[in-house]
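Look for chain A in each of the two complexes below; its partner is chain B in the first and chain C in the second.
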Partner chain A sequence: MRALSWAYLAVAYAFVFLPVVVLVAFSFQDGRLPVPPFQGFTLEWYGRVLGERDLMEALLNSALVAGISSLIALTLGFLAAHALARVRLPGSVLMRGVLIAPMTVNYLIIALGLLTVFNQAGVRLSLWTAGVGHVVINLPLCFAITYAAMGDHQRNAERAARDLGAPEWKVLALVSAPMLAAPLAAAFFLSVTFSWDEFIIAFLLTRFDVTLPVEIWSMLRSGISPATNAVGSLVFLVSVTLVVLLEVFVFRRTK
Partner chain B sequence: MGWGLVAPALLWTAAFFVLPFAAMVALSFAHMEGREVVRGFDPGNYIRIFTDWTMLKALLNSLEITVVVTVVSVVLAWPLAAIIAFRVPARWQRLALLLAVLPFWTSYVVRSYAWLLVLGQNGVVNKALLSLGLIAEPLEIAATRVATVIGFVHFFVMLLTLTIYANLIQLSPNYARAAADLGAGRWQTFRHVILPLTLPGVVTGAFLTFVLCIGDYITPQILGGNAELTLPQLIMLQLGRSGNFPLASALSVVLMAVVTLAYFASSRWLRLDRV
Partner chain C sequence: MTAGVSIRAVTQRYGSALALDAVDLEIAAGEFVVLLGPSGCGKTTLLNIIGGFAEPTSGSVLIGGRDMGGVAPKDRPTTTVFQDYALFPHMTLAENVGFGLRMRGVARAARDAKAEEMLALVGLAGRGARRPHELSGGQRQRVALARALAVEPDVLLLDEPLGALDLKLRRAMQDELKAIQRRVGTTFVHVTHDQEEAMAIADRIVVMNGGRIADQGPPREVYLRPKSLFSAGFMGEVNKVPVKGGAAEFGPVAVPDGVLCIRPEAISEGGPLRLGPCRVVETVFFGTHLRAHVAPVAAPGLRLVVHLPQRAEVAVGAVMDLGATDFVVLEA
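This part shows the complex of A and B:
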């Protein structure tokens, strides 16, 4: 039974890692196709990819859209969570429901709805329209994470600050936000990784300037190539670095 | 003062989620005349979805693939989560879990592409099996439903391992001890005590799997090819080639309805389990 467990674990990890290993290994392929046999080691594809302007622009676009949309989602989510956790408002259960609702809807449907409205309103598609979509999907996440993190401890500190004469914006900026630094950072980084990797909304809501997943998608159209492997490996490296940073600096500290 | 702080988030959600959704539903009752959208209250799109075999087939394909993927993923993920929770020493569990979900962080588009390299005609699997002499001809896996299912299962095993693990480590060892004291064998303990207690984790993960799987366009598009279409592929086809927004909207409403049904089915199950 014990041996069987370890065998299962080994097979499961092999299955989970197989595509990643193949992806990374053949990004070093010294040949035109990223399939066996392995013809030798080269960094040529990385050089080529890093020198490609469209890709680097898409990378920058992705970083901008992810950063800005996550910041907006975090701000809106934090303010709403603060209000709904502190003040008794009529209909607060309904408001919570409305704010969480986008989480339960497929991205494709969110994108199609926005596309319909933007078309009717004559709004031209751009990185901004994709960013609007990304705020829609990340706002519920930021709201839920910060709402769950607010407790009595913060409430007392905020009350003390108010008693000492702090105006509401000072309470928010100097007391509430710093006390919630870890969940706020977690919400922000999660939003960034979701937005950074999101495809369907970015695909339907951008036109000329596109984000990285959309650019990778158009690379796929011309068939398989070690260049795509190199891009994929680089994206993987960036994401894993983010996750490790999050693990070390945010979750470690909250323990 | 409370209102002022909720208002921005509520307005954003209303303007960019509720309103677009309503506009999409309204558009699903319009129809096309040539390239023009004619508004009105015309259920024609819905009638077409349930009478036109191409449309119905896409819905059925999506449902079949999603159900298979959900079941297979649960069956594969449960033992993995249990082994990590009960066999791996406590101090290594977090690392084991992080490693088990590491490929989560490859780009979503690239993940399907990587499976294409693994499963393709000249891919790693075929080359390995050929050189071992296990097969004489390369297997046709890429551009079939099998490839789509493998790509999905890979992703959702990671997701389900997380939800089931989270459920398992909360279980007190006393349940298993009590069952043993009462004379239950290992299998009986598993079947009648541990398994039912993990149902919340299983159903939560299975529901997420169902929702994400049935709405996904990339995986079937890259791995499944165009031999058979899923619902999201059909929606994208309506948007792209024919520019038929009303039909695409109606298909999306059907997709939404299926997800809502799945939600009610699983929430009912959960409550029944707690009673």
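This part shows the complex of A and C:
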């Protein structure tokens, strides 16, 4: 029975990770095609990928879009969560619902909607418009995480800060936000990973400067090669690093 | 720094509920006033109104003669010690205590010096680098007190500050609170539902019930000479015997009509107000005294609670001739 459960675990993990393992393994392929048989180990493709200007530019673009859009989503989400947790407003249940709603909408629909709006408003597509799209998908996430973390404990500390003479922005900056450091960091890192991996919105809302997933897609159109595997492995490495950082610095500490 | 507080006809309504009903109260500068009452009596509402956390529906609050209408908590000369301490967990004790000064633009060195001085005042000298989670409940409450006093408020508001502490620690902190108040001379307004705590620390107790002041005065006066049946019952155990036409259930008594209120410890064999022979129904040893239930022979249905000396040896069924040394007669 015990052996059976271990076998089940192994199969489940294999199912999830086999594609990634294959992708990473064939990025070291010493040959022109990333398919079996494995012809030997080389770092040639990594060297080529790291030397390619378009790819490196896209990587930088992705990092910028992920960082800036996550910071904006986090700030807006935190402020909205704080307001809805602290102030009793008419229709606050509805407001909460509307804030979380984009989470249930398909990214494709969001992208098409924004595309229409930008075209109507005459806004030219750029990394900024893709960033706006990422704020739209990450704001509900940041809102939900910080809202769930707010409790009476913070409320009382905020009251004490006000009582001691703190103006509202100092209450937020010196008391509320530091007390919520762990959930805020969690929301930020998750937003960054989502933005970093996101394709559909970035694809539809960028034009000349593109993010990494879009660049990879255009590479794929010219046929598969171990170089695409190498890029994929690098993207995966960044995502994994973010998740590990999140685990180590945020979830570990709050336990 | 210290200032008096004038509460003038303050009424607070929450929807149709009346939390405070035209309360008038004058608190002198440097006075230690305790607002005492059961939950829902309006004592915390009144404290919140003094601190600026709630605006009264009508009436006004003056601190040091200045009308506080529309003045936010941060701009009032008051600070509050909260029941759950409300310390900032991400700051050291020195940063916690220095927070109010930081908000007033005091430089770091001066802040730290003042914080150390305040921590010493509450018996936590040299612990400024620690964080709140390293402290016990009693120590946290001391830090909260130091933090509130560090900005030298005119009036310190204490919202059931000892409520979360165990009994022994609470009694010890009471004495300390009183000593600190003497030393700093600030006006203290303290809310509690514990009448022993109130008697231990107050210059004046204000007993509240149903949004009104039921009684007020020095502890001795409120306990021995209560002005209302509610305050008589809330300050401690009391025997209430209705008197009409100079007679109670157990016989004639020479007091005016009303409710005769006698504390259990005021009844003894030698008291001048005679209650007549009483049969002992039950006794329990309480350490400091022997608590007995007795029934007057003339009125076997009536039960009186009597505190007898701890060494008294009284058998159940015995008859004692009892009298009261101290009593009040209040309107029913």
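The rule is simple: the second predicted complex is superposed on the first by the 255 of 255 C-alpha atoms of A that agree within 3 Å, B and C clash if a C-alpha of one lies under 4 Å from a C-alpha of the other, contacts with A are read in each partner's own complex, and residues count from 1 in each chain.
The working rule: a contact is a pair of C-beta atoms (placed from the backbone, for glycine too) under 8 Å apart; a residue touches a chain by one contact, two chains touch by 3 or more.
Quick caveat, the model's predicted, so the values are computed rather than measured.
When both complexes are overlaid on chain A, the residue A:R159 reaches chain C alone and has no touch with chain B. Look at A:G131: by the touch rule set out above, it reaches neither chain B nor chain C. When the two complexes are overlaid on their common chain A, residue A:Y13 makes contact with chain B while staying clear of chain C. Using the contact criterion defined above for the overlaid structures, shared-chain residue A:P183 touches neither chain B nor chain C, since it reaches no partner.
Contacts of A:P226 after superposition: neither chain B nor chain C is touched. Taking chain B and chain C in turn and counting the residues of chain A each one touches, the greater count comes from B.
In the superposition on chain A, A:K170 makes contact with chain C only, while chain B stays out of contact range. Across the complex, chain A is touched by residues 1-6, 8-10, 12-14, 16-21, 23-24, 27, 76, 79-80, 83-84, 87-88, 98-100, 102-103, 105-111, 113-118, 120, 122-124, 127, 154, 157-158, 211, 214-215, 217-218, 222, 232, 235, 239, 245, 248-249, 252, 255-256, 259, 263 of chain B.
Those residues of chain A whose C-beta lies close enough to touch chain C in the complex are 153, 156-157, 159-167, 170, 174-175, 178-179, 181. Note for the complex: chain C touches chain A at residues 51, 53, 72-75, 78-80, 82, 84, 86-90, 99-100, 103-104, 144, 147-148, 151. Touching chain B in their complex are the following residues of chain A: 2, 5-6, 8-9, 12-13, 15-20, 22-23, 26, 33-37, 75-77, 79-80, 82-84, 86-87, 89, 95, 98-99, 101-102, 104-110, 112-117, 119-120, 132-133, 135-136, 139, 143, 168, 193, 197-200, 204, 212-213, 216-217, 220, 224, 228-229, 231-232, 235-236, 239-240, 242-243, 247.
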